[in-house]
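Two complexes, one shared chain (chain A), two partners (chain B, chain C).
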Partner chain A sequence: MLMQLTVSGLSQGAIYALIALSLTVVFRATTVVNFGHGDFVLGGAFGVYVLVVMLGLPFLPSAIAAIALMFACGILISRGFIDPIKAGPHIGFAMMSISLGYIFRGTTRSIWGREVLPMPRVFDIPPIFVGDLVITGDAMIISGTVAILLAGFFVVFYKTSIGKVIQAVYQSERGATLIGINVKRFHDMMWGAGLAMGAVAGILIAPISLLHPDLGAGFLIRGFAAMTLGGFGSLGGAVAGGLILGVTEQYAGAYINTALIDITSYLVILVVLVVRPSGLFGKRAVVRV
Partner chain B sequence: MNQETPQKKRPLSQNGRIFYLVPLAAALIPFFANDYLQFIVNMIMVYVLVTVGFNLVIGNLGQLAFANTAFFGIGAYMTAILMTYAGFTYELALVGAAISGGLAGLLASVTALRGIRLYYLAIITLAFGELMRWVYIHAEPVTMGTDGLPLPDVTVFGMSMHSETAKFYVFLLITVLVVKGTSNLLKSRVGRAILAIRDNELTTASLGISTANYIILTFVWSGSVVGIAGAMFAASTERVFPESFGLTEVIVHFAMVMVGGAGSLIGSVIGGVVLTALPEYFRQFPGMEELFFGAIIIAVLLFLPKGLVSLLAKVSPLFRERYFRE
Partner chain C sequence: MDTHKPILKVDGIRVSYGKKEILQGVDFEVAPGETLCLLGANGSGKSTAMNAISGFVGCTHGKIELDGEEIQNLPAHKTFRLGMVQVSQARDLFPQLTVEDNLKLGAQVRSKSTMLEELERVYDYFPRLRERRLQRVMTLSGGEQQMVAIGRAVMARPRVLLLDEPSGGLSPQFVNEIGTIISALKEDGATMMMIEQNLGLAFKVADRFIILRDGVVVDGGTVADYADDHEQVVKSIYL
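What follows is the complex of A and B.
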């Protein structure tokens, strides 16, 4: 029982980790917390739905197209909406991203209304049995994809010059500009990357859940909870936080009350921020006077 | 030479008395409005107070707190609960709503004072709001879950408040009192301290102003105002649903603050008036509400960051002088 819950929690958590990581990428690179991210994640899922179910295209090309589309959306958001308000107060970024998310959500809702969209199963991999343990094909696909993505991401971040650029811009935008980094273009790319990664999470969820426009809020909160738990802005923390959150949700649902699954992430946010705002792995923020 | 100009030119507006004419004129509305229109006018007053309360925290204090829907819902549910289970009359329940809203504000201010600011504050207050909605849904024995909790007959000092017209006059009185009270607060030393904290908290503290107290005061005041709005909302709809306090509501409140003008009391009133009737119209098209409010906030952020009040200030120098602050 416990092992079974842990396994399904981890595969759920892998998705949360991916969402949290994509939020963190944008935050680290641009210092903007993307409050519309849940809806952008859902954008990937709906993109795949349109291409696969409505246009009848095969899954893999559709997924790639949806990811590319969200990457383009990220660039558009960075260029058209975030950059023009750079000079304004920081509060503006939060409002801008939340509004953009609502535009996404409103679009999906105005097209599909209150319908719940089932997506046909894409992969039909038989489950593996390890003793009493059942590992479903979906769980393997999800964890496998996320693991590969994460490995790729951390290699890029820590082993290549792109990772160094990210660090440089995060520490000082002006300094980065001075040494010849095109900060504006870099921000565009990071927004694109963040949305594309979020879209991957959405695409992984699409075949295993019913799609409706209100799912986005849940993704956003879970992404935040994972980020907060792991330490806001920490990349490894986001991943660890996502996995822990996924497992915690399953435990809380099974051992206490199923209604708790929905609010585990809210409780995690409240408790972590009140008790230990820096999260499990984050460094205590130092305020410069 | 200098002395005569102000008195001669604008005696009414000089004392701000012109704004007493607005509620007086509004008091005539029931004479030519039908029930539906009257209902919307009542809702406008609810949202004016919602916006006034929200603007205090977000515009005046400059804190990114999303707890407004929570205050709103707590006010509405508290009214319904007090009236249903404790047999309170509406005017007492209204006080209860104001107090519980204020307590929720106190709770939110504690997080802000613990150094949870900016995004952390936004996230924790967002979580708070959603947690409250979960409570409304799952505390079924008390709140009756998603079916909604109906209000008993609403009476004020023995008089029935069933008709929209009766509600209107009660609401008008409350709205005028709250707006005037908030206006006085903002004009006083307190209001200036709040603005000073927004602009630079450390400098303000170094001037010997107890920033913590003013932050608490602002949150509590905001919570109470929005709690009162919640009580009015409950009386207006006569049944309280959890779905009225969801995430879509957050962006509606935001839009009202931003369209009117962040940090401006008159802006709040304008934002509430301008944007309340519209969602009624959009309700029939799914998704339009979100598209409209999303688009309007984006437009305001890009092209009119100071809201409609800045536009008014451009048109009328008088308005600029008295009611607009950069």
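What follows is the complex of A and C.
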């Protein structure tokens, strides 16, 4: 049973990891905590729902279009709503991201009401049996897709010249400007990348869950919990935090009480902030001057 | 050295922070291959002038020309692309990246195709950095970090190199080393404008100086004319 719970938890945690990583990408680049991110994750899910169910398009092109749409949304948000308020108080960013998320959520409610929207299954892969252990097709698709995406992300980030530029801007925006980087455009790209990565999570969720406009709130808090657990701003920590959170939810639900699944994230945030505020991988940089 | 046509021309620039006017009409020129030093007390407007040239602050009036092209009020990343490369007082390095990564990033935008040649050139100027090339910058001493900052700027093949207090916070030994390196850059034909409080270093490497006070140029001359009379320069700066 423990192994089964672990496999299920890792599959669920992969989604949380992706959401936490996408939140962290925006946070590291812009210092903005995107409180509307859960709704943008849902944007990917609803985007693919509209294209597949309402317009009858195939899943894969629809998924790519939804990701591209959310990337464009990210750039629009950066240019139209975040950049103009950068001279104001920092809390304005939080207020703005909450407002944008709620506007998005309200729009979906006004179109679809509060009803639950089923999406046809897309991944029809038979489960694999390893002894008593069952690995579902959904788990394989989700874990496999997220693993490939994360591997690609970290290779680009640590091994390519583009990754070095991103690391440079993360570490010193003024320094980046001094080497000719257009930091404003970089922020646009990171908002785009953050929303596109969140959209991937939404698209992976869409075929295996019932969509409704309030679904994003749960994913936002899980993303925050994974970030907190991994350490704010740590990219690897966000991934580890997401996976650990997914497994912890499964263990708590199975061994203690199923009601705990919904509050595990809040408990994780609470405990981590009290016991180890920097999370598992967060650290204070010490610079010799 | 063509001393007739300046590569950098600053013509009556005014800069304000809110209602306070920091630069009140500043004019000067830098000829190709020349090193000009901006002197002045704290708050005289030296750094503001440099930041206006590099594009970090905007001008309310006046013109800045780089080789005849107007660059006033261009954002800093664009002036960099045109060859106006600044080493800031805070250095603004990437502390968690290695020395070599920091240097290579300097060439990312302007001289990517010749990056490896530039890297060798910088290591020739700074042999100490070659030894530390795989070390993270945050583990280096202040003087070594200053070398990385200057090396990163040199990697971009600047048309004008702007140095904001290169000796700031360094030990006398490192000030000497930095002075030697700036002299070597000058011998190789670099055009530089620097801000420097250390008159010994300023007069070792500069050809000419101007003195700013309360946002205007109040004095100036060639270093050769004042080589044995630093006291007169100090009086002009502070009195």
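Everything below uses one rule, namely that the second predicted complex is superposed on the first by the 283 of 289 C-alpha atoms of A that agree within 3 Å, B and C clash if a C-alpha of one lies under 4 Å from a C-alpha of the other, contacts with A are read in each partner's own complex, and residues count from 1 in each chain.
The rule is short, and it goes like this: a contact is a pair of C-beta atoms (placed from the backbone, for glycine too) under 8 Å apart; a residue touches a chain by one contact, two chains touch by 3 or more.
Just so you know, these numbers come straight off a predicted model, no measurement behind them.
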**Message:** Touch test for A:111: chain B only (first), chain C only (second), both, or neither?
**Reply:** first
**Asked** Touch check for A:180: first (chain B), second (chain C), both, or neither?
**Response** second
**Message:** For the three-chain arrangement built by superposition, which of chain B and chain C touches the greater number of chain A residues?
**Reply:** B
**Asked** Does the superposition put A:16 against chain B (first), chain C (second), both, or neither?
**Response** neither
**Request:** State whether A:85 touches chain B only (first), chain C only (second), both chains, or neither.
**Result:** first
**Message:** By the touch definition at the top of the document, which applies to A:232: first (chain B), second (chain C), both, or neither?
**Reply:** first
**Asked** Is A:164 in contact with chain B, with chain C, with both, or with neither (first, second, both, neither)?
**Response** second
**Asked** Which chain A residues lie in the overlap of the chain B contact set and the chain C contact set?
**Response** 289
**Request:** State the interface residues of chain C toward chain A in the complex, per the touch definition above.
**Result:** 56, 75-77, 80-81, 85-88, 90-97, 101, 104-106, 108-110, 138-142, 145, 152-153, 156, 169
**Prompt:** Touching chain A in the complex: which residues of chain B?
**Reply:** 58, 62, 64, 111, 114-116, 118-120, 122-124, 126-128, 130-131, 134, 138, 202, 247-248, 250-251, 254, 258, 285-295, 297-298, 301-302, 305
**Prompt:** Which of the residues in chain A end up touching chain C in this complex?
**Reply:** 161, 164-165, 167-168, 171-172, 174-175, 177-183, 285-289
**Asked** Of all residues in chain A, which touch chain B in the complex?
**Response** 33, 35, 81, 84-85, 88-92, 94-96, 98-103, 105-111, 113-114, 213, 217, 221, 224-225, 228, 232, 259, 262-263, 265-267, 269-270, 273-274, 277, 289
